[in-house]
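I am attaching a structure below and will ask some questions about it afterwards.
Labels run A, B, C, D, E, F and G following the written order; every chain starts at residue 1.
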Amino acid sequence: MNSQPTHLQPLSTQTKVSRFLMNWLLLTIVWIGFTGTFDLHELLTGIVVAGILSFMAIRIFTCCDLALLAPKKLFYLGKFIVVFLVALVKSNFDMARRVLSPALPINPGVVKFKSQLKSNFAKMVLANAITLTPGTLSIDVIDDTFYIHWIDVKSADPEVAFKEIAEDFENLLIKIF
Amino acid sequence: MNVIFLILILFLVGAIVTAFAGKWSSLLQDGLFILAVTIPAVLFFTQVEMNQLVGWTRGGIHLELGLTPFSYFFAILVLLLGVASAIYSVGFMHGKARKSYYYFNYLLTIMAMLGILFSRDFISFFVFWEIMTWASYLMVVMNGTRTQEIGIKYFVFSAIGAYAMLMAIVLIHAQTGNFLIQDFIDTYPSLAHGRQILIPILLLVGFSVKAAVMPLHVWAPGSYAYSPMSFTSVFSGALSKMGIYGMVIVFVTLLSHLPEGGLIRDIIAWMGAMTAVIATLWAIAQDDARKLLAYSSVGQLGYIVIAVAIGTPMAMLAGLFMAFMHGLFKGALFMVVGAVEKQTGTTDFTKVTGLIRKMPWTFLTALISIIALAGIPPLGGFIGKWMLYESLILSDHYLLVIVAFFSSTAAFLYAYKFLFGFFLGQEEEEWADVKEAPITMLIPMLALAVGSILLGAFPQLILKPINNGLISLGFSDSYGKLWETSTLFNEWGDKVVLQPIIYAIMGVFLTTLAFTYFRNRKRTRYVSTKDISTSGEIPLAHENLTFKENFFQPFLRAVEPVMKKQIDWYYREFGAGLEAIFNFTRRIYSGNGQTYALYAVIFLIVLLLLNGNLFGQ
Amino acid sequence: MVGSPVLFVAIPLLAAFLIPLMGMIWKEFVRIIPGLVLAYMLVLSVSLIIYIQSHGTIVEVISGWGPPVGINLVFSPFSGALTTLMTFLGLLVWLYSHKFKRNVDYEPAKKYFILLMLMVTGSVGMVLTGDLFNMFVFIEIVSISGYGLTSFFVRRDSAEAAFKFLLMGAFASSFLLIGIMIIYTQLGTLNMAEIAQRMPQMDYHMKVFSLIFILVAIGVEAETFPLNGWAPDVYTQAPGPISAAMSGIVVKAAVYANIRIIYTMYDLQGAYEYLLIIGLITFIVAETAALKQERLKRMLAYSSIGQMGLAMIAFGIGTKEGVYAALFLMFSHAIIKSLLFFSGSYLVYNKTSKYIKHVNGMGKYLPITAFLFTLGAFAIIGLPPFMGFWSKLALLSAAADSNLVILVAVILVVSIVEAVYYLRVVNRIFFFKKRANTKPEKPTINAMIAMLSLAAIVLVIGFYPDLVTGLIERAADDLMDKGRYIGEILSKN
Amino acid sequence: MKKYIVLGLLAVLGYYLMSIFLLVDFGLPHFAHGVKDVYLSSSKNILKVSNAVTAIVVNFRGFDTLGEVTVLFLSATAMSGILYKKRHDIGERSILFPASSIIRSGAKMLFPSITLLGIYVFIHGHLSPGGGFQGGTIIATGFLLMLLTYQNYSVSHNRLVWVESVAGMLFVIIGLAGYFMKGSFLENVLPVGELNDLFSGGVIGIIYVLVGFKVAAELIGIIYTILHEKG
Amino acid sequence: MEYIIYFALSIMAVALVFVAIRFIKGPTTGDRVIALDTLTTLGVSGIVLASYLFHRFIYLDVALVYGVLGFIGVIVIARYLEGAL
Amino acid sequence: MEKYLDILEIAIYGSAVALILIGLYGALTKKSLIKIVLGLSIMDSGIHLMMIALGYLKGGTAPIFSKGFENSADQMVDPIPQALVLTAIVIGFGVTAVALSLVIRLYRHHDTLRIDEIKNLKW
Amino acid sequence: MSIMEIIGSFLVIVGSIFLFLGALGIYRMPDLYSRLQAGTKATTLGAMSVILGVGFWEPDWFLKLLVLVVFIGYSNPLSSHAMARAMFKKKIFPWTKEGGVDAYKEVIEPTGEKQES
């Protein structure tokens, strides 16, 4: 199946191969997840299918290349996940509180801030992380500007908002991507 | 190949070949056309033997063809008129459009009529009947846009008749398991009484349509009037007799076994009588020769129906003899009209006049045929009429005698009008250049006229085949010769009592005619309209001396109540009503798809509600 | 054996999937391949018909599982006769369209011919299959091809017609599924022969309910009143040859399904009366609605519906004679109506509105086409000696033999209406003056061949009905003999 | 008014439908000797197909499936016929503006995995509740996601035609192979393997993969056709 | 363990009621879609629990596919709502 | 447990029937073509639900002989309705797709989606 | 009960409670955007927790359940975001206090349908 987002820049062969391998790896892992076994037939089929698929999807699947597998990046990735999970749990308790007693003072509003992240993928991860953390919901990202629905607006100032909402994540993400 | 089959095939092949021959040469086509009629006719009279059957099975249905003495009589009429009219057609159709079409349908019509007469089973009968119908239908609609309604009317009534017949046929099949006519006739006495009544009635409806019996006659005047005249002579002269043919068979073979047969006969006789009266009155009112003759035909057929429905031996004889005579003189008369139309371009009495000098031979034909029509003694028409009155009186149908006499008298009026309208009276500038009709048209006309004279003198020529036919049909086995009962004929054989007298009258008549004609030719004096010698008065310029217009106005005013609303009108109203209803029902198809879906759901629910009742345990 | 019934489905499908590829090579392929396939199907069905004369019904097992486990195809005298008829008409429709569609773009042409081929295939599948649910699948194949073909002309009201068709078709398929599921839950099988065998065990109410749902569903395709609202629209808006194919092929298949279900699967006497009554109503309503139509194809459509009503009446009589008559009617109607649609399309060729008045005077400009239309008109109203007469006679005889005198009378009376509206058109063709703004279009040579071959059949069968009556009789025998059907199929296991 | 009539009618219909269903005993075997038992045992023992539904869909009633694939093919064909426009009339896809960059990156990331899931589903059609139709649908929804979120993402029409044609033809050819090699259309011609092994069930798995590709291609075609409609 | 599953399923059933109410009440289309989205999440969790209850690993495929389709469904609706179609 | 099944029975059949009726209601009364098509789809889903329900077996499990279930044929629900539903769904989808494209074209021609305004063809 | 089963049970119970709370939030929260917040956070965590819990009960299934967890964690915020943006584009703005901020409203309203990057 052909898939050509025309807005993408032509890629160098090296990047292509690197990305292809990365995709292959990731898709094989996903396949193993799907099948849930390491059965030989399944694994072989998975490798073949993932290979073909990553070859065909090379221009689409552009999040990352083999560089992601560098130990340092993996470490930050792990750290990011932990930070994220903690934030998630915190946010849930916060939400539970609000849900159970809606009388709590809220001050909803939409704030914006700018992010340093370059890749779209990283922005997406940041937006998702923000959505899952306490009291915030990503509404849109236009260029570098994030628009966030904040259930308890502490400050309309972009700088402050950035600090409150996204700084931790962004610092980690910059290191990963 | 059996000759019967061969005759039919020859007609069919002839029809197709003739139709296509026009592409190469008109003359060749004409020749082929004449041959296509005459060769089978010659074959018929020389090769076909009585009671010889040819049968085969088609689609599991056994079919049989053969000639019986009874159909032989009708075949004579069909072929005689068929050949005469064919020759006439060559002249008549010369230079007209759709000649191939005409020839094709003409030949098919003749073939179909012969086929009807040959059929020994109902399917062949019906098939040929229908071919006859649609071929003649195509003739009726041949002359352009204004004949369409007439054509549809003809077809609808034909269809009513044909389908009644078809219903009878399938009911017969349900009883006998086959379609053979003889088998049915044999089985008939043992049928359930309801079927014994239903089947003949259905068949009679079918035949009555072709015989133009009131109230199924409404198609006839228009169709006769608007077909090409060359065809109408066959149409009215022979084709309508197919109805008589079927009726006689039903009367003789079926109704005689039925207790209610007498009643049915009387009803039909009265229907015939009403037809005769009303059609005659209408004929009088016409100013167009074609229409006049058309109504006249219907009226004459009414007589014939009276006769065959009464069904005493003499009446039957009278009816069939009149049928034959009618074929001759009406065939000739339509040819006359055709000739006039061909030469003048119109058939309107109010326009055409004084043709006697321009078209003397045509006039002669008209004169002889009109005399035959009116039933004036020397010619064959008289014999039929005499026998009819005689048989009606002898069988105590006095009322019918009165009716028949009334309409017969009234027929003089239109006969006179016909003769006067075209040929006598003032000659007009407009028609100064009219020539006599071409020879190909004159010969058949005159031949038919001669036939009328001949049959007046030698009625046994045709009475014998009638006699044989009726006897073979099982009409009577006690009489050797059915005409014995008539006072008109002697007791010892086939001589007519009045024959010498008839010969004498005829001689005087012909001599006078010849004398008058030749004298006038020399001594004709043309007078201007201002010539006071005409009647002692000076006519004004605008006064029409020919009396063609409003000819019978006083008479018509007297009979107006009878003619006020034609039966036609009721049919038209009925048809319009039906169409309105149909137009309303088709609004079921509202155009809204959702409504259709709703129908489906309603239908489903109705079926569900009905469930047990609908499908039974 | 020269082939097997499964090829009736396999080969067209193979071709259908192949055509888009071949079209990339040479555009003409999209027209040629369907023709070849249809011709192949015709040859196949003729040779199988000959084969079964001596070897008896073919029961073709699919996926190696004998009935009732697997799906099976049954090529019997009954289904075989219909298959031959359908493939023959399919081929003619193709022939007729082959050049007629030359002026349209490549893409529409490709779609047209693929859909046409699959519509024929689906109809053949409906007739051949011995499995109830498989029949449903084939019905859907036919329906969807029908929707696509109906809306072929983009600038007309064809989408409206197709939408109505689709709406009714969707209702039908839902009802059909309900009916099939009721049967399945009661008998545990979908094989028609086994259903027939077990039917006596089925609870009476369930039997009736299932039959009702199935009858309503199939009634939509079979154009029974009041489920036929879509039909006139579709016939009017679809391309002429497609109208012919709808009335000659699709509806025949639906009637087959209807009949196979009532005659073979169910043992309910009342179902015959249902056929009789509904057939009669359909016949009367359709013929009377046809009388006042202003559009030629719409008139032909109502006439078609009416004829299908007649066939249902004949089936409803329930005797062997009735079945014989019904099959004969279906056969002759398929041929004649195709002839009428073929020739009629040319008589009103240049107008999108296709009013009857546009045929005025065409007899002069298109003599052969006009003659063929007239022949068709005469034949369809049952004038002898054309083909339609024999079938009508068979129907009337069958009715009379079963003492249904009133029925005979009603049919005949309504037939007069039919005669009237056809003759009006014929009169216009030959005796009216051409309208100034109509432009006669000469039929292509292919169309002419298709029409002439149909006309030849009408004439030849008219004079020599024995050519088909033997086949039809065997088919009728086959349909009536339920025990043999069950035996033949279930013994294949 | 019409609404009330319809409601009344539907009430009657509902009554009948309910009474029909209540006549069927829910959750109990309804019939004594249905083909169901044959299907279950043959599926396990003869075809070695773990998922009996797949065995039915692809083998016992494989003919239905061929028809079903044809129905999809037909509706794709019919649709593009219905919405056909002359070349110069074809407009842009009716996506007016792209989705937010978040959604776009998210979709892009997810897309290969969704496709993989589809492939997984139809490759395991004989082992798990999946199958060709489900897998094909998943792949098509993946494409739907891409087509909807990007304004100018496009699919090569010719390639879709290739995939669907080749897959369809292979389906029929495998069927014909059964006909020519074993005597009946669609009959299995390959070794059946062991139950619950990925490589089991002979041609069934292969057919289901083909069905998956075909369904995917057709659905994408359908989606594509609709999205090319303006207004 | 069964009891835990029953507990979890019943509490989710109650959750379902709230979601359903929101779905019916609206007031905006957005609310309904959110309700649907939540329904998907609840459904996925429910299916996972059910597959454990019936000890059928293969049911997890259903959950996965359900989740994917639900997600794409929401995106499609969202794109429609924001007027992109 | 019997009682539980009764309730389940009425609930499942009831919802199947309800879906069918709702779909029918929509298809029969709504004026918008889109809603009619939607109604048809809802009716379809109702029928599919019904089909599945008719094949249900008390305490039954999916008819898949995966590991651990190789010998549970007795407890398996009827696979046939499921296979049929699969076919029916695909066909229903095909029909819906064609319906929608027809709707688009009707809209293009008539500039309306009201079915009662789209009746150029009638009588 | 093994330790795994205890962890699993805990996760399932906690997860289901969060699912419940999420649903409750959707029901009780005052406006669309706060409902979205509730729905996303609580149900995401709830579902992840329930699924992981099952994974602890049945370690053979763990890999597959992990895929599910990742998928939910990935897709839920995306869909919430998509809905939020869609509703904004439909001009349904969040409820704010007097003088509250709404930075995105300015993107939508003043320039009308301003297209983004």
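Everything that follows uses one rule, which is that a contact is a pair of C-beta atoms (placed from the backbone, for glycine too) under 8 Å apart; a residue touches a chain by one contact, two chains touch by 3 or more.
Here the structure is a predicted model, which means the values were calculated and not measured.
A.B. asks: Count how many hops through touching chains it takes, at the least, to reach subunit G starting from subunit F.
C.D. replies: 2
A.B. asks: With respect to inter-chain C-beta contacts, which pair, A-D or D-E, contains the greater number?
C.D. replies: Comparing A-D with D-E, the pair joined by more C-beta contacts is A-D.
A.B. asks: So, what's the distance in Å between the C-alpha centres of subunit C and subunit B?
C.D. replies: 44
A.B. asks: Between subunit A and subunit F, what is the gap in Å from one C-alpha centre to the other?
C.D. replies: Here the centre of subunit F sits 38 Å away from the centre of subunit A.
A.B. asks: With chain centres taken as the means of their Cα atoms, state the distance from subunit C to subunit E in Å.
C.D. replies: Subunit C and subunit E have C-alpha centres separated by 48 Å.
A.B. asks: With chain centres defined as C-alpha means, what is the inter-centre distance between subunit B and subunit G in Å?
C.D. replies: Roughly 96 Å separates the two chain centres.
A.B. asks: Can you tell me which residues of subunit F touch two or more of the remaining chains?
C.D. replies: In subunit F, 20, 24, 27-29, 36, 50, 54, 62, 64, 66-67, 80, 87, 91, 94-95, 98, 102, 105, 118-121, 123 touch at least two other chains.
A.B. asks: Name the residues of subunit A that each touch 2 or more other chains.
C.D. replies: 30, 34-36, 124, 127-128, 138, 140, 142
A.B. asks: Show the residues in subunit G shared as contacts by 2 or more other chains, in ascending order.
C.D. replies: 22, 24, 36, 44, 60-61, 64, 67, 74-76, 78, 80-82, 85, 116-117
A.B. asks: Inside the complex, what are the residues of subunit C that reach subunit F?
C.D. replies: Against subunit F, subunit C makes touches at 133, 137, 140, 143-144, 147-148, 151, 154, 157, 159-164, 166-167, 169-171, 173-174, 177-178, 180-181, 184-185, 190, 232-233, 236-237, 289, 292-293.
A.B. asks: Any idea which subunit D residues touch subunit E in the complex?
C.D. replies: 94-99, 103, 107, 114, 117, 121, 124, 127-130, 134, 138, 141-142, 144-145, 148-149
A.B. asks: Which positions of subunit B touch subunit C when the two form their complex?
C.D. replies: 57-60, 123, 126-127, 130-131, 133-134, 137, 141-142, 144-145, 147-148, 151-152, 155-156, 159-160, 163-164, 166-167, 170-171, 173-174, 198, 579, 581-583, 585-586, 588-591, 593-597, 599-604, 607-608, 611-612, 614-617
A.B. asks: Which bits of subunit A are touching subunit G when the two form their complex?
C.D. replies: Against subunit G, the touching part of subunit A is residues 30, 32-37, 88-89, 91-92, 95-96, 98-100, 102, 106-112, 124, 127-129, 131-132, 134-140, 142-143, 147, 149, 151, 153, 156.
A.B. asks: Taking the touch rule as given, give the residues of subunit B at its contact with subunit D in the complex, in rising order.
C.D. replies: Within the complex, subunit B touches subunit D at residues 598, 601-602, 604-605, 608-609.
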